[in-house]
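For clarity, chains are labelled A, B, C, D, E, F, G, H, I, J, K and L in written order, and residue numbers in each chain start from 1.
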Amino acid sequence: MIKILVIHGPNLDLLGSREQKLYGHLTLPEINTQIRKMAQKTKVGVEIFQSNDEGKLVSKIGKAKGKYQGLLINPAAYTHTSVALRDAILSAGIPTVEVHLSNIYCREEFRRHSFISDIALGQVVGFGPDSYLLGLEGLVNYLKREGSGP
Amino acid sequence: MIKILVIHGPNLDLLGSREQKLYGHLTLPEINTQIRKMAQKTKVGVEIFQSNDEGKLVSKIGKAKGKYQGLLINPAAYTHTSVALRDAILSAGIPTVEVHLSNIYCREEFRRHSFISDIALGQVVGFGPDSYLLGLEGLVNYLKREGSGP
Amino acid sequence: MIKILVIHGPNLDLLGSREQKLYGHLTLPEINTQIRKMAQKTKVGVEIFQSNDEGKLVSKIGKAKGKYQGLLINPAAYTHTSVALRDAILSAGIPTVEVHLSNIYCREEFRRHSFISDIALGQVVGFGPDSYLLGLEGLVNYLKREGSGP
Amino acid sequence: MIKILVIHGPNLDLLGSREQKLYGHLTLPEINTQIRKMAQKTKVGVEIFQSNDEGKLVSKIGKAKGKYQGLLINPAAYTHTSVALRDAILSAGIPTVEVHLSNIYCREEFRRHSFISDIALGQVVGFGPDSYLLGLEGLVNYLKREGSGP
Amino acid sequence: MIKILVIHGPNLDLLGSREQKLYGHLTLPEINTQIRKMAQKTKVGVEIFQSNDEGKLVSKIGKAKGKYQGLLINPAAYTHTSVALRDAILSAGIPTVEVHLSNIYCREEFRRHSFISDIALGQVVGFGPDSYLLGLEGLVNYLKREGSGP
Amino acid sequence: MIKILVIHGPNLDLLGSREQKLYGHLTLPEINTQIRKMAQKTKVGVEIFQSNDEGKLVSKIGKAKGKYQGLLINPAAYTHTSVALRDAILSAGIPTVEVHLSNIYCREEFRRHSFISDIALGQVVGFGPDSYLLGLEGLVNYLKREGSGP
Amino acid sequence: MIKILVIHGPNLDLLGSREQKLYGHLTLPEINTQIRKMAQKTKVGVEIFQSNDEGKLVSKIGKAKGKYQGLLINPAAYTHTSVALRDAILSAGIPTVEVHLSNIYCREEFRRHSFISDIALGQVVGFGPDSYLLGLEGLVNYLKREGSGP
Amino acid sequence: MIKILVIHGPNLDLLGSREQKLYGHLTLPEINTQIRKMAQKTKVGVEIFQSNDEGKLVSKIGKAKGKYQGLLINPAAYTHTSVALRDAILSAGIPTVEVHLSNIYCREEFRRHSFISDIALGQVVGFGPDSYLLGLEGLVNYLKREGSGP
Amino acid sequence: MIKILVIHGPNLDLLGSREQKLYGHLTLPEINTQIRKMAQKTKVGVEIFQSNDEGKLVSKIGKAKGKYQGLLINPAAYTHTSVALRDAILSAGIPTVEVHLSNIYCREEFRRHSFISDIALGQVVGFGPDSYLLGLEGLVNYLKREGSGP
Amino acid sequence: MIKILVIHGPNLDLLGSREQKLYGHLTLPEINTQIRKMAQKTKVGVEIFQSNDEGKLVSKIGKAKGKYQGLLINPAAYTHTSVALRDAILSAGIPTVEVHLSNIYCREEFRRHSFISDIALGQVVGFGPDSYLLGLEGLVNYLKREGSGP
Amino acid sequence: MIKILVIHGPNLDLLGSREQKLYGHLTLPEINTQIRKMAQKTKVGVEIFQSNDEGKLVSKIGKAKGKYQGLLINPAAYTHTSVALRDAILSAGIPTVEVHLSNIYCREEFRRHSFISDIALGQVVGFGPDSYLLGLEGLVNYLKREGSGP
Amino acid sequence: MIKILVIHGPNLDLLGSREQKLYGHLTLPEINTQIRKMAQKTKVGVEIFQSNDEGKLVSKIGKAKGKYQGLLINPAAYTHTSVALRDAILSAGIPTVEVHLSNIYCREEFRRHSFISDIALGQVVGFGPDSYLLGLEGLVNYLKREGSGP
């Protein structure tokens, strides 16, 4: 069975209380429940991991090779600043989909640049929690169609 | 019933023969068939329109107000150069989802800038024809949840 | 009698319904009526032309030489992107006044650059429909004072 | 009765002798006479003030609040360098029209940037002394239509 | 027999009357006659197409694949602004030579950038109508030497 | 009683031994003693936290909402690189004062940019350990005057 | 006794009436009263000077050497444009603290650059009138600790 | 007899006490004495004027036309910020030599740009008070050789 | 005996499996063995430390002062983003050599900038694991020649 | 008889062995033979000169005035770096055609800028050795049509 | 036996007398002696060449193909300005190591860019004469390991 | 006796015939005669050297140390491109004056940057051949006043 690693970046543990107008009122556990349901529906396994710590995210992704066939990641603030995360994804060498809850293109200028997008398979932006679900769907479709190797 | 306007920008009429490595081997009619199936599945109406002509695209979108509740657009090359398209979307004032077949972020530098993304609801990039289907799904979910006004 | 070509660029056919807060509630026919009245008052002829199509605008202006003594143009979105329009105006070689309904200097950064302004006689910006009337007045005064050749 | 403050920036006292090709052969008193006639015609009062001194201009405008309903300003060289003038206009908080005799967009690159234009109601550029008259007309029309408060 | 598609971009229909100092006094039909003579001399077929309309140019080039073995194009103003034209040429996938009548490198700064040059076989600039003839010669030599596939 | 969270960023644990010329000879515990005295004097509670770890700082601040009424932060090196810290402060949504021991404006160019300053209430820079005391004083005054909500 | 020169830059004479939301409702005389009280409390002398005139400010500061031991300055709009003020402060050669009422880092981009900050001892920004008091306190502490020479 | 206007910009009244390492220990009156001696030696008249006030400098230069045949100016800090001074010199329309005491090219980056140098006859930089004398000599030689008109 | 701290940055724990074409097939323990051999040969002590965590690297280096006489560091991805690492090295104040396995100058543009190189003694780039050995050799030679203090 | 100076810049002596994929397999003597044949065909004289030395190229071109009526130059690497070559061509003052073997627009970014192109009559790029022949043909046509003076 | 070409760029003939603080007190012959010793130790042949002349360096390197298996180069000032040197190295097509005596990253901004580094095997910077020895060692190790072809 | 090395850069051998409008009609030997007269008058020795060759200029200046007390240089085109010349002057370590015949600040943008000006004592620009004489006078005065060491 295809296994997907789902990564939530920094500050996403605060969802539901954090700036609801921008990020919605669902909490992270509620979003994770939706992700797991979608995984069941598309018959793939998921492991979900959140950390505020760049190093822990890097370590987690670095060990993904061989254990997971795909990576679904919301790198949050590290999208714009972390070359280490980029290198970890390059090391893992598995198809990666980048998602964002809010539309990063209508916010501060510095949010328009991503260190991840040019090494990702695809990007889903601005649909709130649906971004995860659409991204997962797209990733799973891709893996089923192409096989699960990079 | 919710009605969605689907817009294909310039050169997309050539899909299937055009640079298959980058854009895939499906033709535009084949993609449109998939879009219509998804529309039926999610119980919305779609009208599909392709043009190589910036002016015709502008006119089509400009008249969308009141006739459609949402806009799904692959602006193709005009993504990066057309303020007129942006203004047409602003005039229409309906929720808009921008999609791209290829991952525009791993191509030429000038493809990283979009005149549409900051006024769109969301963006789906890099999944090939699936970009349309995921984008449509996200747009319809949004319209059903929020109601169909902007 | 002096004849002036009046050009309305893309999306201006939507005036009155389009973003009224920014562009006002007058429709294009209503503005055209005001322009024609001002023309009568200043005793010049006007021909008015609107298109969403860059190519049609280029063709119209390209043929202006010898038929019109002046050009009053609101290039709208093409202000910021069309070298072809600039070249058409250079080809026509007649005194040109650029007008804008809204104050383009307090909007998005990309609206601060115009491909027309440095080859125009003058520019009137931000007065709503009055921009056309003031621009026409200025152009006619100029033509009467200088004669109508470039 | 509506009262308008008319401000002439640095070096405009030299008009008529200064670079006639660029600025025309009318002297400042001759232009002022035209402005006063236009004021009479449109039934508003004007006070006219010229200074080469950034501080004096700032002081004059700073005291405009409550005494004048509109500001017509040719900031000349200070257009491009004076944040203090911008702040004075923001403090006055009255509708402001920026005018320039010459077409600043076909001169040195640094003249393309204005510290005033994005806080002004509108801008009239390139018509020689007519820039003042058209700008005044536009400002008065605006004040009569909107009432005279900002 | 090798067949070449010759494309003239916007405003080139005005040649002969348009800014003669910059573009020369030959009309477009006169240039086309020279192109046809050169084609006869080098024993290739040519089809010649002019439009002011970006969309029409895109459509024409998009259909070139399989019908023509080479493309000779003077994109005129669209050189600097049209990603759609670039994409059409990429779709056509046939050897392309870019020509310009005037020396675009000694004019406005924005004319130094071409969206075509890096995907073209070669570029001929500044020889007036001879640019077409030299470009055609170079293209035909290339096709004869390399065979006519991309 | 108002409670303030005081955050010391990376390398500040080395104060007193680290580049004394730039940062002074006081150790962090000595500075903390001064901060606590000032807190007593102004009758507010303080909790003080230092970490070299971006993730730990993000987690600490993320949980501040509801527990503290204000944030006094010396983000040190993370000032210039951490969007995650910015997002944590935005999530906390409490009035924030940014302080720096040294004058960051007379050092390397990259120290002139702060990801925090535009979302902070205010900034105190260059007074050595006094920066903390003055910042705390300003923050407390603000909270007492405005009430302690953001 | 230590004597401090306090300088208020352009438009600060309008405080209280000028954009109260941004600058608060205290008038300049009221702020000066607070400054004088703080001076008494910390046992230093102050002389306070306001001008809208760059030249007068330059002259005042240029003569400060030997008469004052410190300079507290809110350069207002001249912060961003005046090299002359910078040179005057360099000439005076006395410890200088730069203060701003509003948070200049969350306003227009051009307000992020200061010609003063890299030659100042420190900077206090965003606390309203408290910026003066905190800045004065920091300056006096510095002078008492270091002695009053630069 | 040729008459030269000599202008000293802001802060130059402080010479001799101001940063002697950079500007030398001569006072302005001592430099003026040297200038007058050189004038006598080369048999030209000089009038010397210093002000810290941009407006006064502008007014002085604006009236130079017809009274002086040449302008020798050390614009000091206004070199880098004053378009008004540039415009005044353009208005005066007389040959102008720009001088600087210190080598402005080995100081802060912003001192490398001059609003005067491209409209001046020549520039003398870095020789201390000799810059004035060499600049005057060069200007007088020019005027004698070319005649004294612009 | 001279003691050297050897630091491996993020993702280097994956060497041998990670992108072998770019980084080679040696694992980190194998490289460490080579480093220890070289240390023995040059008669210095080494301590080796790897972490994916910016904060842990900062803490480790921050405590280096007095314990180690030199630092050999491959900052990997943090090279390009970590001011905190730079500050830690500045705090440690010991001679530092920066090494990279791959040639960072022929990869993505953002890898050309290092926050470490201008505060390092020297840099060795592109020799694979030999970069460490050459860097260590250079550092030890330096320390033996200069003595081991900074 | 018209005489043309043909200049080959640095490294062109290595043609045939140097990066054949980019520059072709013809040697410089073989290309020179083709140039001489074309010269005979068009009845002009040619002198051909190659040097790796910027100074020798400058000297050769500097003496061209009066001896040659046209210059055909492949400046190779000096295209992008040599102002001296530009100045030599300006001094020579004869019509100049710039040619390049490879398409410099699809290589490194720095090859997109030429110090020659804006002072040349025209440019031929990307046709391999044919670039010389087409450039020579264009230059000779120009000289015969315009006469041989600049 | 492997043969290495060692190139010293401009001004390196002055070593020992030239800015000793930056470049050390060893003369070039003394450094060459060290290089030859290292060559003997690693059993390779070296030829050493110094020139101040870009053209001579280009010619020397251009002829390296087939005669040498590796290139060790200190391009000195030409590092930052010579595309011709880059092209010569590309033509030679042999593994190249770039070395610098001083740390070019802590000097003027323009020294941070190298036209050589992205086409080199590796770079050694900042170790004084040791840079040559370490670079040679690295190059020889590489050639022995990979064989001596490019 | 003080000895000065006078250096003329590339293309200056063509003076008198080269672009007379820009550089005047005097030949280089005529200018050299004037320089020698001025040297006699100020009682210093001069050696004059011209070359088009960057390498020869570098070698000449590199050997200046100890033989000459000052350097007067017109680097011509190498002003803007030669780091090698800069390094040679730094190596020579003698007071240097940079002169230019034309006003480089009103020509092409790239002529505004000099690699020499920030390491020179002073600069004289725009006086034609007088630039040499004024520069020599300034240099000699400096050497006599300061002594002849740097």
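In this section, a contact is a pair of C-beta atoms (placed from the backbone, for glycine too) under 8 Å apart; a residue touches a chain by one contact, two chains touch by 3 or more.
Quantities reported herein were computed from a predicted structural model and do not represent experimental measurements.
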item	value
If a chain touches subunit F and subunit H alike, it appears here	G
Least step count from subunit G to subunit L, where 1 means the two chains touch	2
Counterpart interface for I-K, drawn from A-I, E-J or D-H and sharing over half of its contact pairs	E-J
Type of subunit I:subunit K copy interface by residue overlap (half), same or different	same
CA centroid of subunit A to CA centroid of subunit H, Å	63
Separation of mean Cα positions, subunit J and subunit D [Å, integer]	55
Centroid spacing, where centroids are CA-atom means, of subunit C and subunit D in whole angstrom	23
Where subunit E and subunit L are represented by their mean Cα positions, the distance between them in whole Å	49
Two or more partner chains touched - positions in subunit J	53-56, 81
Pairs of chains satisfying the touch condition	A-B, A-F, A-I, B-C, B-E, C-D, C-E, D-G, D-H, E-J, F-G, F-I, G-H, H-L, I-K, J-K, J-L, K-L
Contacting residues of subunit L [partner subunit J, same complex]	9-11, 13-14, 17-19, 51-56, 76-78, 80-81, 110-111
Residues of subunit B that touch subunit A when the two form their complex	103, 105-106, 114, 117-127, 130-131, 134, 137-138, 141-142
Subunit A contact footprint on subunit F (complex, rising order)	53-56, 58-59, 62, 65, 81-84, 86-88, 90-91, 93, 115
